[in-house]
Structures are given as structure tokens and as C-alpha cells.
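Take this structure, written in C-alpha cells, and hold onto it; I'll ask about it next.
Order as written gives the chain letters A, B, C and D; numbering starts at 1 within each chain.
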Amino acid sequence: MKIIATIALAAMLAIPALAQTGKVLDNLSVPSKVLKSDRKFAIYLPPDYASSERSYPVMYLLHGAGDDHTGWVQFGEVLHIADKAIAEGKATPMIIVMPDANTGRRGYFNDVKGDWNYEDFFFTELMPYVEKKFRIKTEKRFRAIAGLSMGGGGSFMYALHHPELFSSACPLSASTGPITLEDAKKGLIRNNPNIADSTVERYYNRHSALALIDKIPDDQKKAVRWYIDCGDDDFLYEGNSLVHIALRKKEVPHEFRVREGGHTWTYWRQSLPEVLAFVSQAFHQY
Amino acid sequence: MKIIATIALAAMLAIPALAQTGKVLDNLSVPSKVLKSDRKFAIYLPPDYASSERSYPVMYLLHGAGDDHTGWVQFGEVLHIADKAIAEGKATPMIIVMPDANTGRRGYFNDVKGDWNYEDFFFTELMPYVEKKFRIKTEKRFRAIAGLSMGGGGSFMYALHHPELFSSACPLSASTGPITLEDAKKGLIRNNPNIADSTVERYYNRHSALALIDKIPDDQKKAVRWYIDCGDDDFLYEGNSLVHIALRKKEVPHEFRVREGGHTWTYWRQSLPEVLAFVSQAFHQY
Amino acid sequence: MKIIATIALAAMLAIPALAQTGKVLDNLSVPSKVLKSDRKFAIYLPPDYASSERSYPVMYLLHGAGDDHTGWVQFGEVLHIADKAIAEGKATPMIIVMPDANTGRRGYFNDVKGDWNYEDFFFTELMPYVEKKFRIKTEKRFRAIAGLSMGGGGSFMYALHHPELFSSACPLSASTGPITLEDAKKGLIRNNPNIADSTVERYYNRHSALALIDKIPDDQKKAVRWYIDCGDDDFLYEGNSLVHIALRKKEVPHEFRVREGGHTWTYWRQSLPEVLAFVSQAFHQY
Amino acid sequence: MKIIATIALAAMLAIPALAQTGKVLDNLSVPSKVLKSDRKFAIYLPPDYASSERSYPVMYLLHGAGDDHTGWVQFGEVLHIADKAIAEGKATPMIIVMPDANTGRRGYFNDVKGDWNYEDFFFTELMPYVEKKFRIKTEKRFRAIAGLSMGGGGSFMYALHHPELFSSACPLSASTGPITLEDAKKGLIRNNPNIADSTVERYYNRHSALALIDKIPDDQKKAVRWYIDCGDDDFLYEGNSLVHIALRKKEVPHEFRVREGGHTWTYWRQSLPEVLAFVSQAFHQY
């Protein structure tokens, strides 16, 4: 009798343990009026998602140029790395949402011409959609953003535009946007020789991390927790080093790391566990 | 009694680790018009296959003469070794397809007489079938081929015939095909004393690794990533050493290893983790 | 009793490991005509120094402002860390020389007034003295320099002034000297209100890492191997970040690291094993 | 009383343990009439050499072109690696003799002109000298030869010329000498446009590993134990691969390894423990 009871108990106990593997879906989509199409996204659900009925914090994890919503799944090993970080207690269980910013047009921002408004899509369609379809906590404290390269740029701008929405932002090997107004003009004029100076200025003020950092109000310096990371061999060294200097001079608290490496998935797979631990500090508090 | 119960419980609690185990099916089959029969194959599905809805890279893993599709399962310990490599983060989760090339006739090539076209079967029936039945990514980047002995020969020829289909090829202790045209003739004439010289030449040009390497066009030298391995006591030492020399002279990048050992499963079980790590470098990028 | 004796014996038997321990002398001195005094230095001798008759590579390891030649011994744990790195094969046995730059006057440079020429002392008296007194290899390949803070500044300037003498230089949390000529003037004018502009310029050109990097000739870009490290909370973040940018733009190969931490011995004790491994790469070649 | 005795015992027991570090002398020399100069050499004495009175097996360890007798000491980490192999029981205590073949002229062979006879020096002066000065066993069984690159060539030729003197030979990344007579002519004619064909032939027959292997008499095939190693990225891949093929065809037992790597000290530091273990198998027998 006792042995049978033990087996039954073990069988039950085995259930949560069976759930020690999280789950990745990489072929979901959200209908978008803003972008006039269905937009794909991948999602990571933590090991206990299926067995629990609780809601979870969320991290949006943005891919770089050249990848799509499956980049962090296939190249970034998000399942293996998140499962491991959670199993070891370094990260708290969370949902990770990975949207596609590579179809139709590439990029996370509203186009200067106003006919492709990905940033609007992100905040008015994607976020509400996943918050409704999955058990996601909706307070700022429980929302983070991270990404690599172009997606690092997205992480910078989204969190600088909307510090009221993200407790943590983790731009990795990020494109930090134009360093000067002059750089912004040089970049934009290539596609649009007749671009107005006012458009350039508006773009610069909205998509240069340095310009945005310069304008952070005093009472907002601690609004977002920052983890910024860029390999010493990465071609994006300058913008990220200058962001570090700018944040230090502005006295905006932030973590900055330069490890050995370039603009590679090997580097980002090493960054991801740090990011998961860092955003978890806000999710479960010190 | 209590102690026993506790031990039993602990034993049961160990089961959850099983939840991280991949799955091997070794009695599947694909209907083949080309070979006029149902052809068996075995498949390895990674630990997270059942719980996820994502798609996976694939490695085709070919057995040697004398084995069939169960060789890598039974003697090669593919489940244990792949699970371990994935758990340790040395390999990325992938699907491994192991077809039978031992029933009816033996071998991976189209017969010179044209009445048994296994290579056609592989590319036009097996590959499409498993890509449809399982969640397999279909881009070249996510497809690899490996195999031992006769299956190493298959790996060489398939990747040299179709560099547009495989990102990596790993011939282990491979039969590299005839070294010279003369060798080809000696081999074929045994079964067919009246074989035409043109048939011999066609066979040599298609099934000698050295002949095929010699003809790799300059812009195709990096089309396939190569990992070639042959024990110092293996009877196939000559062809593999000459392939290494030929690839070096042709400046085709490749990895070459000669470890202690002969033509044995002990050797191949040591090779398999290296192969899984090597093909993963293409699957999840550096 | 028996058990106690056994324990005592075991404890004693642990001593032999001590036989693999290097040796630190921290109260040596070298007579200096240049500085008109005896100058103290500490030295680390590797575990096999006493038993061998071979000669060794050397690393000069400079302390920061506020410490003296005992800083790396007492706070930096040089004995323990070097012994461990050597025992683990991460570093090659080397001699480490730690001179005092805190007595009389503080600093590693020649004074602008010309009456305290520490840099001259270092190259014309200290180096020849230790090379004579200890079995030190005297080729450039076998000589490295490293240091923290003010000693990081010394490492920068000595290697930039004498690239023919050092194979590796490792400035840690370094004072990089004035960023602009204007900064140089501001700094010097404090002690000397009537300082001539030409003196300021001479000082700037000699003691600003940025000015010196700007002037590295094309054929000298690989003359010295660089390992530069500065915590993200260190107050010296700006100069080091700008040095990283300047070296990248100039295409001077270098390693750059920003880890979590400030201007503390905790940080430098983590840096030291990396430094020992890095300089060893030149000492024992790839 | 008991405790005191224990301490005394421990003190005695500590003595051999203190000896766990071997000793390297890198500035010894042997007077040579053959080469009309004093020739330097370095020597490794095993940890128990000083405390014992026994005699030891010896391995001659030859440097490559560009190094001298200190190459294996400084770059090869011979002390650390030999101490470790002996401490772990993978190698038996032995003496390692590292002669200089870089001063005056470079190389291990007798010059074709007959005015620089390094090989004669090695056998008639160096070997007898060290066997007299150090406690070295003089039977063939207890003598091995190893070396890298040019020293790998030395290892090949010395053991092929004198199979009666060496139980093991370990050429690493070896220059194997000219592959064909034609190659030999091309090489020699550069320095000596009027060289006689008979001289070329004599050189080829004496300094081509392939020519010498071809002439090994049947009853000498097991005279020397061979361990041959060459990285897959080494530029000396062809000669070593052909030697492997030639030895296999000739049925001369040998170990052959191709690991990841090029013509670097990183590779040779990985080879050295294998070499020490391999030669020890003859020294202490299976």
C-alpha cells in the first residue's frame, strides 16, 4: 500500500518536473491594421507555464537585420538558455516575445515618410495582442526589452521613447543611431536627396541614442534599468562607447560590458544569460 | 519501510530528467516509387520537439555496409550522444534522419545499370517526405549530412553532387571511391567483365571523391563545410589521407582528424559528438 | 591519539604543495643616481626559480597612487594569483618586478621641471639592475608591462614611448593622461600658474595616451600587444573608452574589456589572471 | 612524543614531495671538435633526480628552425608539462636533452659539402657527453628522440639512420625531407647550381623520410616505435600524410595523429604530453 502510494505521489511530483522544459512556438502571427498584414512572432513560454495558471513577466527580444523572429530561437538558443537560467535560479520564469521586423520592410521604427509605422504596430497592436493571448503581467515593472544590433537599436529607442513602459532595457551590440545631426543627414540623404532639414532633425532627435540620452529629464534618470553590451571587436564600438560616456556624464545608472568578441551569435549567446538575470532583478526585486 | 519508500520516491523523482530526453523512432518508412518498395528509416527528435511547435535543422546520418537504419541507433548510441551534446550546449537541437541503404540492394548511389537509383530516391522522395512529416527547416543552412564508411562515401558524394543542399558534410572513416580511373575499372569489371570504358569513366567522375574534388569550381570552394575523420589504424587510411592532401592543394577549407583507432564503433561513437558540434556551428552560426 | 596523529600527518603532507609556491621579496632596493636615493622594489619569483638555472620572461607591474611597491603584494595577491595561473598552465613562469613610485615624489614620469626623472630611472637603472641580479631574459619578446590606475598610465606611456622594449602592455583602470591640450593646461597650471604653452604642449604630447596613439606610425601598429581594462563604474571610464575608440579607428589591434566594477582591488584581482595569461601568449608564443 | 615523531616523519615525507618540481638548466654547453666550438644545450632533470642516485631514460628533444635550445624550455613549457605528466603517472621520470642547432649554422644534418657535420657531433660528442655528465641509461630501450618541424626532420632521420639507438621516435609537424628526387634537386640547386646528380641522389637517399622508409629492411620494421603528428592546418601536411601512407603500405607499425591546428606552439604543447606518455611505454614497458 505504502509503495503504491509512493509511486502515485512520485507520478504527481513528476508532472512539474516534466514541465522543466519550456516551449517555443515560432510560427504565430498577429493581424496588423497598421502594417496591413499578418505579422509573425515567436514566443518562449517558461517550463511551468502549461501547468500553472499564474501570469508572468515579459521580455520582448528583438532580432537584428538579416534575421527574423526565428533568429533568437535557432541561432540564439533561447529555449536552452532560458530553461537553464530559470532552472539554476538565475532568472525568474518569464515569457519572451520575439517579433518579426524583417518582412515587408526591415526595422523597428516608423518610417520618415510615414507609410510604414512599425513602432506604432509594436505598441498599439503587438503588445496588446500578446498580453491578451498569453498570461502576461501588464505593469511596467514586469516588462523588459532587449535585442541585438538593429534590435539593440530598437531596445534603445523603445525604452527611451517609452520609459513608462519598460523596467529594463538591454541593447546588445546595438546600432545606436546617428552620432551627430550631420551623420543623420548623410544617412538619410542617400535614399532621399531632397530630404528637408527639419525631417532630418526630427529623425535625429527620435532615433539617435545620444540625442535621446541628452534629453532625459532629471527625474527620469532612474526610470529604466540599462544593461548595455558590445564586444571589443564589434564594428559598432564607437556608438556604444559614446553612449557609456554620455550616460556616465548624465549620471544615468547603467551596466556596461565589453567582452572579448565581435558582432556574432557566439557573443550574443553569452550575453543572453546575463540579460535574463538582469531583467529578473526587476521582475522579482532584490 | 520508510527508508525504502524514500528511496523509491527519490528514484521516481529522477524520472523528470527523462523529460529532457529526445526520442528515437526506428521503424518508420517512406513509400518509394523509385525503388519500388517501402523504405525504412529511423529518426531522432530532440528533447523539446514534442513540447514546441518550432521547426528544426536536420542532419542525415548514413550507416555503413553491413548495418541498416538501426545501426546508429543501436551501435552508435545516437540518442544518448545527441541528448548529451544538446544538454551541454555543444550542439543545437536538431532532427537526425537515418535511412536504410541495406535492403533490396546495398548502397547510396544510382547503379551503373540504371535499375536501382538510391540517390534519386534520397533527394526526390526521402528528403521531401521527412520535411513534410516532421517540422524540418528546408534551407540549405539548416541541412547537414554525415555518415560512416559506405555512408561516409554517401556523405562525400551527396555533398559534392549537391553543394547547394548541404551546409556541412562529415564523412567518417569514409570509403572515398576509386583513387584512379584504373582502380575504378578494376572494381567494376569484377561484376561486369564487358563494362564499357565510357561507363567506367562516368562512374569514376561521379563516385571518386578525388575526381569530384578536382572539379570543384573556384567559386564553390566554400559551399560546404567539411569535417573528415579517419583512424590511424583504419584500412581506409589512403583515400582519406589523399582527400586531405587534395583539399589542401585545392585550398578547400576543411577539418581533418586522425585519432587513435580503427574501423570500429568505438571510434565512431567518439566522432559523433564532434560531428554534432560541427554541424551546429552552421545551424546556430558563430 | 592515532586519529589525531593521522590528521597531523595529513596536514603535514599538505606542505609539499608549498614546494610549488613562488616567492615574493618586498624589501629589495636599487641604488639610483638619477633619483639620488635607494629605490625599493618587490619581486615575484616563480615556483621553479630556485631549483632551475634557466632564465625567465619578466613583467613589470606598477602600483597606483596611494600604494607603493607592496601594493600588488598585499592587496593584489600577486603570489597566490601568479602561482595559481602558472600551476593551471594559464600563464608561463615569469618574474614580476614591482617598483616603488611613491617615495620622494609620486609618479612614473619625468617631471616637467626636469628635477625628478623617474622614467629615466626606470629604463637606465631599474631595468638593467634587475636584469643583472635575476635570471631575466632581455629580449623585447620576453618583457611586458602592466599596472593599475597611475600605474596603468605608466604602462601606457612606457610602452608608447618604448615600443621596442615591450611585447605586451596591460593598462588597468588606467589614468590615460589629459584628453585634450586644454585639459593638459588646466591640470598643469594648478601647480605652476606661469607654465609656458610650449611646456604644456610637450607634456601633452608625451603623457596623453590619446596624443601618443594618434602618432603611432603605420609600421608600428603591431609593435605592442595591448590589453586594456576598465570597470563600468570606474571614474576613469572616459579616457579608457576614448582610447578604445582611438585604437579601433587607428586600426591598432588591442583587447579591451569593461567588466562590472569600480576602481577597486576586487576588480584588479580579477584582472590579474587575465593579464598573466595575455602576456604569456607572447612569452611562450601561440 | 607521538606528535613530535609525526612531525619528524612528515618532515621526511615532505622531502620527496618538495622534489616534485623538476629542474631545467638552459645554459650548459659541450665542447665540440667536430663543429669547432662550444655547443649549448638545455636539460630537464626529473623531480626525483636530485634526491635519487638511480640512472634515467633519456629523450632528445629537438627545436625547430628559428628557435634554439631554449625553445622547448620557454615556448614548449617542458618543465611544467613533464612535471605534470610524471606526477600524474602518465610518463616515467626521464631526462630530456635539448641541443642547440641554430648557432653557426642551422640544422641537424651533415652538410653536403662536408664542412659542417652536426649529425656527427650529435652522435659522437653530444650523446657521449651528456651520458657521462648525467645519470643516463645508455641502452637503446631507454633512449628516445622527438622534435618539431626541422627537429621533427631530425627525429625522422636520426632514428631511420640509427634504428639501433632509439626505442621511440616522435617527429611532430616534421619536415619530412624531399618527396621525390626531383624535389631534392630543386631544393639543393638553389644554393649550388653546379651540384652533381650523384650528390643530389646521396642527399635524397639520406634525408628524405619517404626514401628511407622505402628502404627499411623487413626485419627492421619494428626496430623503432613511431609517433607522428601533424595539425590539419599545418603547411607540412603533405609529407606527413604521405609518410603515414608509406608506413601503412610497408606495414611499419606507427601511431599517426592529425589534430586541429597549425604549425604553432599551441599545437606542440598539446603534443608533448602524448609524446612523453608514448616514449614511456618503451621505458617502463607495458
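By our rule, a residue touches a chain if its C-beta (ideal position, glycine included) is under 8 Å from a C-beta of that chain, and two chains touch if they have at least 3 such contacts.
Chain-to-protein mapping (UniProt): A, B, C, D = S-formylglutathione hydrolase FrmB.
All of these numbers come straight from a predicted model, not from anything done at the bench.
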In terms of residue numbering, is the interface formed by chain A and chain B classified as same (over half shared) or different (under half shared)? different
What's the distance between the Cα centroids of chain B and chain D, rounded to whole Å? 40
Provide the C-alpha centroid distance between chain C and chain D, rounded to the nearest whole angstrom. 38
Centroid spacing, where centroids are CA-atom means, of chain A and chain D in whole angstrom: 57
Each pair of chains that touch: what are they? A-B, A-C, B-D, C-D
For a test of understanding, state which residues of chain C touch chain A in their complex under the given definition. 232, 237-238, 241-242, 244-245, 248-249, 254-260
What residues of chain D sit close enough to touch chain C in their complex? 2-3, 6-7, 9-11, 13-14, 17-27, 42, 70, 73-77, 79-80, 84, 264-266, 269
Residue positions on chain C within touch of chain D in the complex are 1, 4-5, 8-9, 11-13, 15-17, 19-20, 47-48, 51-55, 57, 86, 89, 92-93, 137, 142, 283-286
